[in-house]
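Consider the two complexes below, in which chain A is the common component and chain B and chain C are the respective partners.
Coming up: the complex of A and B.
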């Protein structure tokens, strides 16, 4: 194998491992499902998976710069509440509404970025506080659950394409092609990776640190609002649910880690995060297929997550110098 | 590195702590405009009592943050502490006697597992504690669903959280004072505490200096778990019963209180006095917003904006060019 190939393999090891693990789990799931894998089963599974995958991608952008975004769940809920007001009516109105929701998502991300870049506050604290603000805004929009959504659009995006392919998967593919790949291949994208590996080195090399962080946080907000739109399409309502906000924030971190993205920044990819999200969802589905009592499911889910996380400790076996363990 | 600031009162007080106390005074003044009872001793003692629950939990969060780590398992460790203590109460007279230790021991056990993951397996604490949170949640759901344990708290728990013995000072405040005194002693007067600061500044250097870094990290997480559980025991005593979501409202305020008190989220810097200020500030802020009868959304927005604003004043990091 030539040098490029080895490098490519090393760079994408996390993504490939996540893909392989998901494939194994999904095969077990599909072969053991009582009804077999028909289009409806696949669509339901895909919708749940796609939602988590989008929010995990949102988290990935920030994690790559060695930051963390604890406000993704709140942005998602805010987008959900906003969408239940404005993504209605004629096709033109709906289109404008979708654009509006996405713009608000970008705005939320940009606010995080500005505070982190120019305020020089730590991302974790910043996004805890802005998350409270975004959630407050969602609550102002929808004090009680309700609202509506353009059902034609909702059904189209959560249904099936001709041929039985879940529409949500094609949506996910579109997001990867339109948002992730251009980012990954651009100078800004490289800069985001560089900032994540070593901010000082990136600064010394003249990498546009600020622009890279700004774009990463803004795209994170954009994707979180997409996830919010998708929630609206699935539920047909807007709800300012604090539980949803915190659950999806925590799940997004779990999915990112399962997808081989390093929380220290600078390594991993959004594609890995997608498979991490799919894996996380399949765990729950597997427990269902094997008739684990519902009572025990959260415990098993937690244990599987712990085991997956502990696999990351395998690198300890390769450490030759103990000092490498301490940062 | 400008770090390595020696904790304790011998050195000058951190400006962040002064800012935090200044903001407390400001909040009290604003509050007294709205309601004259805001400055009454009864009201202030009541606030201090409510603050002591957050104070105990924030003490654990601070220990871990000083290491440069974070504990996201607070919600369900708090719940586990409360629920196991009430469950123990239902086991009979002996159980009732040991209700509080049982609750705390469960928290220590959960924290110990996180500590092993962080210290020995070298997994980022954010992930380990997240996983532990999920495990604790699963355990509690199995526990409540499968065994339907008692959920009302023992007499001792209620007395500890709601009663008052000396000079009308609530017992919960005394518990916080005891925990705080122990934390100050531990952080400033023991090898353990110094090692915590050293690890937060540079773990590699601490290791090379011969400090038993891994044991200290593990112990800090165990302590954090135990303190979260103690917070849960207090909360269960206060509400006279334990509930599943009782810890959810304490994760972010605990971290916010520690950071508002001037402790660096990157570790190695911060004093317990600051955490006390942060806890009181957060509690008063939440209280004044409800006294002002602000709608719930406004409370969330103000809460977030105030945290950002205060940190922008005194909590800023260094430029990457420094």
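Coming up: the complex of A and C.
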């Protein structure tokens, strides 16, 4: 009989692969960086990485239930616009503002969940529609870019901790510990995996399917609004940017795939998605280090993504009943 | 007082009566076997017991108190656990996660993994599967191991009634022996076990009482050992014939060389050494219980399965069929009417015209452009020929009734005039009238020199329609019945694979021995 370790490896294969791939890419990047990796460069890189990582985690919750959330970018932009109004003033006001933004994020996610669960619409259609609505709300809040944010808080979260560690990374760690790990180990979290893996089997086993979906979508909204807050902290302003909304939505899916989360649902983890996001960011940085024109960046990001998807699809080569290919 | 009683339970699916006033009495500390042929209502009965479907009428009593279940979880809660034929395990989760899925041990709101691990090891040991690692992912386990996990999962819920629906069908011989021991131990622990199996020797080995189902009714309950195998088969038969079959025309002479000649076809462990010949003008039936490899055989012939071995000859020439596109080529001319018309046969939202002309489009088009007039003509001819009832050929296929949808699937392939026609249970879920038309059509096609291989779960059909029947069991052809040998007794007897030798001597003689 194999030891427990073997099974642990098997279960976390996707996450570990993503971590290893990121490590290799980051090492190449760090050793070839002409100016060396000083704390400021690292902090800027970490902030960009953390932003995409949070939005990728948001996507992960929904993808695990074998859904997809195309509204994460719009929720992020909405949260950004809202934060530029209410995350200001005294520490108390700021704190209330942050809570307000996060609650709106949860609400957006909950709306998605209710439509998917009770409206029985496909997640993709639902979230395209609600995403447009959320983006519209963002535009109403900020027809033109502007607003403000509590700079002390913003600088604290986008700066460095004593010792030069980027604060954004500790924020990311906190999200993992406070949101992801409890979810992963709760009955509801397991139910979300079960629903994504086989909804019929989950139903037959008496798993709370609806509650699992509701929690997954709501947490997705929560994390998307965290990403929106973080955008505000980086830019000090609110902007209803359509480009940001759609880019981050697509990047979140790319990061999830790179991070070893199955788009069919039921397998993978948000930790993997974080490394997927880091990988995706590092591609751009690598091109910069090797003096490749920035224009080439989308092409290379696309190539890496294609390779990752192909590797993920290798299992199809073993399918012996061709009908299973279309199942 | 009996532990669990079902009284006068009925269930309809659309127009089909799956269960009619069925009764069942279950006692603690006993193994109760439920028998019946395909479609006799066993599965529906179990689904009702396990809370998967709700009965239309009748009542259920647990400890003398009336109960009803809104969901599988509700049935679980009162102590009814079911091991279904289609597995209910979640492939991406570990064995321990699966075993604890509905009652995970928690601490501070989170799953206590150590307690869960202990619980899983416990349950696996009780199910005699202590060599399954609790952290293994279910999708990495073999079918036999998964079934053992399924049993462990049911036991972890500490049920009072455990239902096993064909629970041993996927098990290896070693696991079956273990399971026997486990089930007998559970019986002494006071559990009530409901055991459904098609394997007579298992029932002889295990059961205390048996109830036989036929046509959705519970027809007899008897103490195990009081009836011989042949008497049980008698109880399972006994339907009135209500379908009219066309007269068989003179059968093709056996010395005509076969159109389709299959030699030693194998596919993994699902198909073993299948050899068969189909001659023009012949309707050959595929019999046996559900899921003995019939579907795989048809798919394998049609080129859908990857990695089949063995030889296939068409008109004496060896051919390699790598997919439906090759199978339908003019020199092979093979068509498969699939089992699930909704997903494999039709594009429901598309029109009747589109659905009918799909397979024949190459013949109806020139330079890649579809000749609309020719298509229309051909489609209308087919609609008339099969008497498809539709308000117009532009209507979506999904708007037709089940029977007419099935005609569409057949019509689609008739458009290309196939010489070899494979049918996978084509009359399931369609009305009697359409069935009769279908039988007539099959005979007409055979008379027009098509070779037909016809899988049906309905024994009447095999008896009424076929010139020969090949009975499959466990992925192999176990028996060939020709002409008058095709009787319900012979079909059921060979399907259960009991006393195959005895049946050869003639059912009556065998019955007397």
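Just so we're on the same page, the second predicted complex is superposed on the first by the 312 of 327 C-alpha atoms of A that agree within 3 Å, B and C clash if a C-alpha of one lies under 4 Å from a C-alpha of the other, contacts with A are read in each partner's own complex, and residues count from 1 in each chain.
Criterion: a residue touches a chain if its C-beta (ideal position, glycine included) is under 8 Å from a C-beta of that chain, and two chains touch if they have at least 3 such contacts.
Predicted model only: the values in this text are computed from it and were never measured.
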Once chain A of both complexes is superposed, is A:305 in touch with chain B (first), chain C (second), both, or neither?
first
Is A:115 touching anything from chain B or chain C once the two structures are fitted on A? First, second, both or neither.
first
Is A:203 in contact with chain B, with chain C, with both, or with neither (first, second, both, neither)?
both
Just checking: does A:193 make contact with chain B only, chain C only, both, or neither of them? Give me first, second, both or neither.
second
In the superposed arrangement, does A:321 touch chain B (first), chain C (second), both or neither?
second
Using the superposition described at the top, determine whether chain B or chain C touches more residues of chain A.
B
Hey, what residues of chain A end up touching chain B and chain C alike?
200, 203, 323
In their complex, what parts of chain A are in touch with chain C?
1-2, 4, 7-8, 10-11, 182, 185-187, 190, 193-194, 196-198, 200-207, 262, 266-267, 319-323
Contact footprint of chain A on chain C as seen in their complex
52, 71-73, 76, 84, 86-94, 97-98, 101-102, 104, 106, 109-111, 113, 131, 133, 135-137, 140, 153, 267-268, 299, 304-307, 323, 344
Parts of chain A lying in touch with chain B, wherever the complex brings them together:
68, 115, 119-122, 124-126, 128-133, 135-140, 143, 199-200, 203, 209, 242-243, 246, 250, 253-254, 257, 263-264, 295-303, 305-306, 309-310, 312-313, 315-316, 323, 325-327
Interface with chain A, chain B side, in the complex: residues 70, 72, 117, 121-124, 126-128, 130-139, 141-142, 145-146, 203-204, 207-208, 213, 248, 252, 255-256, 259, 265-266, 295-305, 307-308, 311-312, 315-321
